[in-house]
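Please find one structure pasted underneath; my questions will follow.
In order of appearance the chains are A, B, C and D, and numbering begins at 1 in each one.
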Amino acid sequence: MLCASWGRPSSARECGVSVAGGTRPDRRGVCGWWADELCAMSYLVPEPAHGAAHTARLLISCPDGPGIVAAVSQFLFEQGANIVSSDQYSTHPEQGTFFMRTAFYLPKLEHARLSFEAEFSELAKRFGMDWRIFYARERKRVALMASREDHCLLDLLWRHRRGELEMEVVCVISNHEQLRGEVEKLGVAYHHIPVTPDSKPRAEAQALQLISGRAELVVLARYMQILSAEFLQRVGCPVINIHHSFLPAFAGAQPYLRAYERGVKLIGATAHYATDEVDAGPIIEQDVQRVGHGYTVEDLERVGRDLERLVLARAVRSHLDDRVLVHQGRTIVF
Amino acid sequence: MLCASWGRPSSARECGVSVAGGTRPDRRGVCGWWADELCAMSYLVPEPAHGAAHTARLLISCPDGPGIVAAVSQFLFEQGANIVSSDQYSTHPEQGTFFMRTAFYLPKLEHARLSFEAEFSELAKRFGMDWRIFYARERKRVALMASREDHCLLDLLWRHRRGELEMEVVCVISNHEQLRGEVEKLGVAYHHIPVTPDSKPRAEAQALQLISGRAELVVLARYMQILSAEFLQRVGCPVINIHHSFLPAFAGAQPYLRAYERGVKLIGATAHYATDEVDAGPIIEQDVQRVGHGYTVEDLERVGRDLERLVLARAVRSHLDDRVLVHQGRTIVF
Amino acid sequence: MLCASWGRPSSARECGVSVAGGTRPDRRGVCGWWADELCAMSYLVPEPAHGAAHTARLLISCPDGPGIVAAVSQFLFEQGANIVSSDQYSTHPEQGTFFMRTAFYLPKLEHARLSFEAEFSELAKRFGMDWRIFYARERKRVALMASREDHCLLDLLWRHRRGELEMEVVCVISNHEQLRGEVEKLGVAYHHIPVTPDSKPRAEAQALQLISGRAELVVLARYMQILSAEFLQRVGCPVINIHHSFLPAFAGAQPYLRAYERGVKLIGATAHYATDEVDAGPIIEQDVQRVGHGYTVEDLERVGRDLERLVLARAVRSHLDDRVLVHQGRTIVF
Amino acid sequence: MLCASWGRPSSARECGVSVAGGTRPDRRGVCGWWADELCAMSYLVPEPAHGAAHTARLLISCPDGPGIVAAVSQFLFEQGANIVSSDQYSTHPEQGTFFMRTAFYLPKLEHARLSFEAEFSELAKRFGMDWRIFYARERKRVALMASREDHCLLDLLWRHRRGELEMEVVCVISNHEQLRGEVEKLGVAYHHIPVTPDSKPRAEAQALQLISGRAELVVLARYMQILSAEFLQRVGCPVINIHHSFLPAFAGAQPYLRAYERGVKLIGATAHYATDEVDAGPIIEQDVQRVGHGYTVEDLERVGRDLERLVLARAVRSHLDDRVLVHQGRTIVF
């Protein structure tokens, strides 16, 4: 959340609104009486150009030990970087694994990338670090897969348009034709690849051709086919799935029916990275809502749709902001 | 929620799926292996025609006293009605006001309406009842008003298309032009009525002409103008508003900014009936989400958009299902 | 919740406070300036004697069909009863099972019990009803079982003392000695029955002797032994258990460790009726709380203790208020 | 939460249970079949002695600028400290105020305190830092104040006994006599200081004598008297209050009655630092629960009691762990 806090729009200041403390000389007087005008002016303008272009996120994992934070922050200081946010986690203080995400702002970063990375890799070697750096200006290319349910897919596309998700949508792939109209209206390419038990290998090959090398993330927005282990191996990028239950409860097919039959008092949704084992991958985000004995399976599905939309969007956003690391089947979400 | 439980789709039975207990002879075997096919078949077909056409909801309020439930249920029984759900509430068991909502199924209801209502009005007189009856087949006509924010408006329209909201959308009225494209794409009439301090009375008169006599409900889906007392009086139907705070906290303008400044740890949204007093009308639905010190005002707005969508949709759905009664500034939501 | 709404304390009226609308002539002026004095006076006095003594709750289940509500409410009206609250549920409107809970107030109920029940059993026969009647003045006798964790046990005893739980505590049985001091201080009998693999049958027989015929409910307040099917059969009353996970996830031993290892983002607690199959009985109540990657197993246990206390207390309260029916492995909680 | 993650009990390892990944050679086989035995063995032993004795928490605030994190982490590295957790926040990336909390483990810390602090104060001067250091082994001395409601007070005392709250309870002060028995049973001194409008100044002076110089924190566990500005000034330590509403809604007296009258659909509780202005101090923690039209004021109070207990305990715990900083009326809770 922190990294969004800078680059406050200048129009807010022109209004005399200073959010983080400070003076606020008659907000209503300056901006006129229209609540909506002010609201739109103050907060909905995009981040100024000097922001994203110079921001990067550094993700690190290595054996824990003394001096890591000091070395990294000293390095960034010497490079002239200003740390915007920094989070760390260690599985154990003495013999654990250490994880760190640091977002920093570095003027002229675009010119200094190569030397920055070369020098950091020296430091990384010393501590035995796995590390990656992401540049905020390089928005991730994302392929979306869906079947016939539109709620997760349209919600992601709407959030993308609103500016909530820093991504480029490469295409939508569906095993059904239904959602083409909606998707194409938004200017996004739609590929219909039908899947039957016999055609599945061929269908997956087709999908791979559209995705491999073109997308850095695949999001299964209620794609109701199980992807093969081979597909997951060959796709070459993370795959986020939304499962319509509170995993590990009701893994597998028809979770709402089974939730109904079991009589649970809360239903949930789970966004996770897809792995070979169905519905067993690292969990990124979950949420639940209270239900009662009077809810039919249809009611559970309706309530669940809202959960699925929210949970998937939060997980995708965390991934796009480079906040998620995976360690021994669990996620660290900074 | 209860009234949705009958009229289970016949296709579920063909699949051998019997939800409320009973046999379920190899669900997967019968329906094939496609999770999405089965899912769609079983639960997403609309209610069969014999359902809505014959269902009505009776809303009653009267001074509490013995024999009311007995009289109403006896009356319905004699008419041949089958009670689908029934809820009641009394403000006090001895000298309170009694409220009741009964949904019932009555074959041939469409032919018997006049005699049914005439006979019930006799009973109602005996107990001094205020009462109304609503027929499920007569979907309420709804006018939507918005400004520039699209999230509440598009969400309502999407839910309408999904079949989640039993309404007919009469038109969208906005004081801005921005949302026309999205709305018209969905086949809904869009009226742009600009509002300035000077033009407000004229603008409200224009809106009244579009609404009065045509709509049975007005929904303010982030309409950022304050409607005058005169408008509310003349519009002749309930008006539901979504306020972007947990009322009564942060009534008035810019609730997210004020929530930020006050440092609350949860932000909320409130759907309420609009009354003369701004943000003081009877609350229909509220919800909140946890936030932290690192959230900027923009973050609060983003999180808040999701709350606003959900809370407004739930309130509108409760109203459309005739579940909301108002008594002394508070709602009873059955 | 409804049945608590009547029997408002007379002291509130003396203060001039009329809650459900009506006049309130300067609340502060009459009662003086002490917030705590007024608060205590107005709301914390026990229900007046004329309340509980005359209240009963009628629970019904039978094949659904027309005329049930009419017949029951007509019967109550003729008996002179005033319905305080009434809830109903049907698994299917045409061929389902119908459930109903009606709380009513009947002056002189204690004298009329036998005739009331005899007459109602006639009506019940007509509709093929299973039915039971509970009299609010007859508080249920409850045996509590615990091991070494004190949080659930002490919380139930504290709520009992506060008047939140309408029960009589028969005794506490534990397979450990630790909690004796705390329990006996509250004037409750404490029986230490150690359990080893060999002594288990004998230990269960001892417990049965303390419970059978004396308790109408057994609550397992973190009792960490699995009760045998024979025990459950012979105990002759419902047994409520609290499981420290969001069932059906993490049934069985060490749910917090397994939740940690799976990396879930929410942990939960589940109160359910104990059945032969461990952790598979009908769920009465559940709740969850958000956790993150930084939570150790100890943290999950700490957070979980709060969930366990709340969820168990709510379930026990619902049971004591005769709000829970069981049908095909699911609960209906009115 | 992070700082609790180290110092894992050695007994867990003896069981062959390695929580953070690693091998786990048949957990059930090694530890025997008793779920409760294992559970207690693995997780409920206290932190080993080498933990708390050597841990400190450094809190910093200063004008934001480059090099702060680098300087602090370099300093800690040179001192031989191992950072256990570190959190930071800046109100603005360029001209904001910077906040940091770092927990670190330093062998022989007890011997090196003076030199450590002297050297750090040099660094602090360079950056214009406000800073404080807290040593985990020095548990904060806390005075509790209550009136007649026991739920918040007993809950804090129970958590203290469970080891959830790192504090020493200096005494309990109440303006009523009721809770003496419960408190003294736990070995805590109980002072009854009655308060009337006339005696208030004298009563506050008495309380100050018991608190000043002896307590580092005062917790108002439903103390129903408003403390004077003079008291707050002279007490010389932070005062945490629990307010029984979702502030800023329903500040002042009788929030549950007012919540009832307003018809809110959620009720809440708020823990905040007490300031001169009643119920307007910096908010530390809040939570809410859903309620409905059928809840009486008594029901709201009962539900609210659970909220109050939880919210106050979380706030006190955060304060005791030195996680809370205050800036311009808002808290930063790391």
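The rule we apply is simple: a residue touches a chain if its C-beta (ideal position, glycine included) is under 8 Å from a C-beta of that chain, and two chains touch if they have at least 3 such contacts.
It should be emphasised that the depicted structure is a prediction, and the values quoted were computed from it without experimental measurement.
Ranking B-D and C-D by contacting C-beta pairs places C-D first.
Comparing mean CA positions across the assembly, the chain most remote from subunit A is C. The distance from the centre of subunit C to the centre of subunit D, with each centre set as the mean of the Cα atoms, comes to 33 Å. Here the CA centre of subunit B is 42 Å from the CA centre of subunit D. Shared interface positions of subunit D, defined as residues touching 2 or more other chains, are 2, 5, 8, 85, 89, 261, 292, 294.
Those residues of subunit B lying in contact with subunit A across their complex are 1-2, 4-5, 8, 17, 19, 27-28, 33-36, 38-40, 42-44, 85, 147-151, 154, 158, 162, 164, 175-176, 185, 197, 224-225, 253-254, 256-257, 260-261, 292, 294-299, 301-302, 306, 310. Touching subunit B in their complex are the following residues of subunit C: 2, 5-8, 20-21, 66-67, 69-70, 73-74, 76-77, 80-94, 96, 105, 290, 327-328. For subunit D in complex with subunit B, the touching residues are 89, 246-250, 261-266, 268, 282-288, 292-294, 329-333.
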